[in-house]
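Okay, so here's the structure we're looking at.
Chain nomenclature is as follows: A, B and C, assigned in order of appearance, with residue numbering initiated at 1 for each chain independently.
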Amino acid sequence: MEQILQVLISGILSGGIYALASVGLALIFGVVGLVNFAHGEYLMLAMYFAYWLYNMAGMDPYQSLLINLAIMAVVGYITFKVIMERVLDSDHSIQMLLTLALSMVLQNLALMLWKADYRNIRIDITNDTMNLGFLTLNTPRVLAFIIAIGASVLLYLYLQKTFTGAAMRAISQNGKAAQLMGINIKKTYGLAFVIGTTLVGLAGLLLSPIYPAYPTVGASFSTLAFIVVVLGGLSSVPGAIVGGLLIGVIESFAGYFAGAAYQQAAYFLLFILVLIFKPNGLFGRS
Amino acid sequence: MKKNLAILLVLVMLMSVLTGCGGGSGDQSGDTKEPFKVGAIYPLSGANALLGSQCLAAVKIAVDIVNQNGGVQGRTVELVEADAPDPTAATTEAGRLVDQKGVQVIFGSLASGNALAIAGVTEKSGVSLVESGGIADAITDSGFQNVFRILDKGSLRGGAGAEYVATQIAPMLKIDAKDLKVAIIHEESAYGTSVADGAAAKLKELGVNVVIRESYNSTITDMSALVLKLKEAKPDVLLSVNYINDAILLVDTLKQYSAMPKVMMGCGAGTTDPNFAKTIGADSDGIFCTDMPTNLPIEYFTDPEMNKVVAEFRDRFKKEFPDLNNVSVAAEAAFAGSYTFLNNVLPNAKTLDAAGIREAALTTKLDMTTLGFGWDLGDDGQNYAASANINQWQGGKVVTVYPEKMKNGDVINVPLPIAAQ
Amino acid sequence: MIKKLLLKNNSVLWIIAIGSIIVPFLLPNRYFQDIAVMTFLWAGLAVSWNLYSGYCNRLSIGHAAFLGIGAYTSTLLYLNFGISPWIGMLAGGVISAVAALIIGGTTLRLKGTFFVLSTIAFAKILEVMTVTSKDITQGSLGLMVPFQPSFLNMIWHGKIPYAILTWLYMLIVLLISVRLEKSKLGYSLIALGENQQAAENLGVNSTRTMMIAFVMSAVLTSFGGTIFAQYVMFIEPTSVMGMSNSINFILLAIAGGLGTAFGPMIGSFILTPISNLLRGYLAGISGLHGFILGMVLIVILLYRPDGILPQLRVLARRIFAKTDKSSKSKGV
């Protein structure tokens, strides 16, 4: 029993990072309608920035958090201006392919600039644990979980309580109507894209004390974020949070009961099952 | 319209430039003054790029040293490099080196899958493949005539680690080998699988109990579930086959859950990587790693000429990769494979073609290569002088503790201080 | 006359497709011939992919699963029972058809993005199954096809027979694709791609139409998988079923022109040689070739999102418009 609870908790902790990596994607998809296959590459970039700030300026990822987020916002803005803005009205398949090409460019750019070396950040708390009764929790993972859920909830509140947030929700529900009501569509798209990339960057930062940066580190997160977002019903931010936690738990249980080799297959299987019974995702509007 | 034309023109130019580069191909004149062309195929992009680029650097140094000493049979060695992130690319690139560049020898390939794909090409053209990284048994068990492997095979490597656990570690732990509980954890690619299979077979033969065997994908980011499962099985010894990231993550997670068994025996790649100890620090002290001999003390090479060569290689490699505090074993093997072949084997070849090179490779017998063991190939092209050493991390350095003749330190930390009580 | 040929139908494209077989004979060595073989094979695979995804505009990012089924079925039959890959190819086709029926049955009704991701999920599950069923597939150790050249084994010494085989494969797939375009099924598919609701209102049975196209596409991809295995002679789960192959299908098709029979072929004719040559000649800087390829794609997508083929058509039209004028003025 204790073991099962421990497995559950470790799944929830990973799930927090997955959720954070996915809410940005859900936002971009919901508002901009863009399926961004380069999403994971922003996570990779953020991990590299964290590494360089640690290596050159001696700042650990928590100290460099704000600087790094600012950099990610700029990177997101540039991507939007240079590439995404031009294809907002294009066909979905063109957009998807463009983001695939972008991910190819970013991965290989990282390889050219920083080589294939694994960049580890070891800080004092990397292996620290906290004990809650019989439960053992890895401190950076707990921190990551708290910050991730906190940021996701903040995003949710932002969408609910502010005017821009309301504009984003309006666009995601009905773009044309929103435009007629005087919402500056392009600006809102840009903002959503920047928030989305910054959030996935934050996920990368939180991951950096426990996992190294390398050029292809983001690849597996792109697919994972997609699965999470679809499970959550595509454009729903709370859906993505729950979806992320769910995937984390499934992965953890599959690893424990079936074996680590089946971890990925398990959540893909869950994904297909959900789609068979709820074709619009767990929290999707029909 | 203009944009159309411009894009087309750019594409056409790109094509013509590229094919133009290929001009002057296939020049295989008999003039002995012609440079002797060799190829190197490693993954330089994609997931294995890190070790791939180190191996390529090592081969380059070997070619340089050989050329300083007058080349091969009076001919300068010319190296052509190729990037093969996956087996399909390896086939195409092997084709380029063989058919277009006219290389007679290829050094490679790090990944076993790439080695098998390259061998498929080289075998048809009578080009030699000198393998110094791929460990899957199939590479030399498939009847290839022109594949020569300097390093040990997976089954032997895993077997060596397993045998040491059963015969040496069990007594140190004061547990009878029959009662010893071993866990096998390995990454699921060809490398991890073949080594783990070898270890499992050996343990079965010796009657040692494997309480759990688990595989995982090396891109895993959270090993909690795996470690919790392992903890439940309460093994005395963990036999693990990992790449570097997962090796570090495994040790970290084992520590976090206080699940470290009394002994951890890594088998190559990740656990021998210089970054392993560099990253996890003092906790690495006492972790074993079975691998080719690596970072042997320079005095081990008693032959003055070889001593000089090894020193020069290490020196130049460190200049190229200043961040590393050790030369990685993959690079050492790549150097040994290419240097030995160019410096010791090829000079014995009566003709520098498939038949001549095969004869030279099989008849050349060496007591020592820069890798610390000899060169003695069987008919299958496998180097049967290759051995796997049992090494241990001590103070951030790899120390050889077994076999006796290469030993340069005693075993410490059995059981591990970080082991669960 | 020539102008009519060029503009009215696909004659010129057929001439290019059929005439391309000359190329491998003209190439100086086996490396370039290898690229030609790969170009034909990828052209055939991309056209197969396009049969469903291109016409109905619903991207499958899991088609490498069918490539894998084709490769593994024929190879396992050959290695274990000595069954000729020609027969194995058909067996792989049957298994792929069954797999496509199962996958299609669960996913085809899904909308856009849901469908795209479900195809990824299926391919991933199949890949994991292949890795973990070690007793049958040897897992990640992969399977090696022994080099025993004979027509029956679909293995030859030189590259030319492979070039002819892959070229025939490409032609057959093209022929099927062109026929499909002009059939009722094809019209229905294209209509579904443009507007599913409207097409259904007009009486198109969307499930049935999509299913037939999906199965056809899967089977033809699987045939290509067998050829792939017999050509490369080494298969392992990741390099055959991994997502990078699936993405390559899409890249070629979209770069050439999605939803046209010849577009994916043109895409492969241009991109396959470029990407291979870039990798060959830019090995000195890791990552440079992938970077350039990605940039080329971005430029194509930003400036010519319809793909290359429609642009070639426009170009041809302009050239003929000019020659028309000049010949007229001369004639006077």
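One rule holds in what follows: a residue touches a chain if its C-beta (ideal position, glycine included) is under 8 Å from a C-beta of that chain, and two chains touch if they have at least 3 such contacts.
Since the structure is predicted, the reported quantities are computational estimates derived from the model, not experimental observations.
Touching chain A and chain C together: B. Between A-B and B-C, more C-beta contact pairs are found at B-C. Farthest chain from chain A (centres taken as the mean of C-alpha atoms): B. Per-chain CA centroids place chain A at a distance of 32 Å from chain C.
Chain C has its Cα centroid 36 Å from the Cα centroid of chain B. Shared contact sites, meaning residues of chain C that touch two or more other chains, fall at 131, 286-287, 289-290. Within chain B, contacts with two or more other chains are made by residues 45, 49, 53, 188.
Annotation for chain A: residues 108, 111, 115-116, 215, 261, 264 touch two or more other chains. On chain C, the positions that touch chain A within their shared complex are 57, 59, 106-107, 109-114, 116-118, 120-122, 124-125, 128-129, 131-132, 243, 247, 250-251, 254, 258, 285-291, 293-295, 297-298, 301-302, 305. Interface residues of chain C, counted against chain B in their complex, comprise 28-35, 38, 131, 134, 139-142, 144, 146-147, 157, 232-234, 236, 238-239, 244, 270, 273-274, 276-281, 283-284, 286-287, 289-290, 296, 299-300, 303-304, 311, 314-315, 318.
The touching residues of chain B, when paired with chain C in their complex, are 1, 3-5, 7-8, 11, 14-15, 18-19, 21-22, 25-26, 44-45, 49, 53, 81-83, 86-89, 91-93, 95-96, 98-100, 112-113, 116-117, 120, 123-124, 136, 138, 142-143, 188-190, 193-194.
Those residues of chain A whose C-beta lies close enough to touch chain B in the complex are 3, 6-7, 10-11, 13-14, 108, 111, 115-118, 120, 122, 126-127, 129, 136, 138, 207, 210-212, 214-216, 220, 251-256, 259-261, 263-264. Residues 29, 35, 83, 86-87, 90-94, 96-98, 100-105, 107-112, 115-116, 215, 223, 226-227, 230, 234, 261-262, 264-265, 268-269, 271-272, 275-276, 279-281 of chain A touch chain C in their complex.
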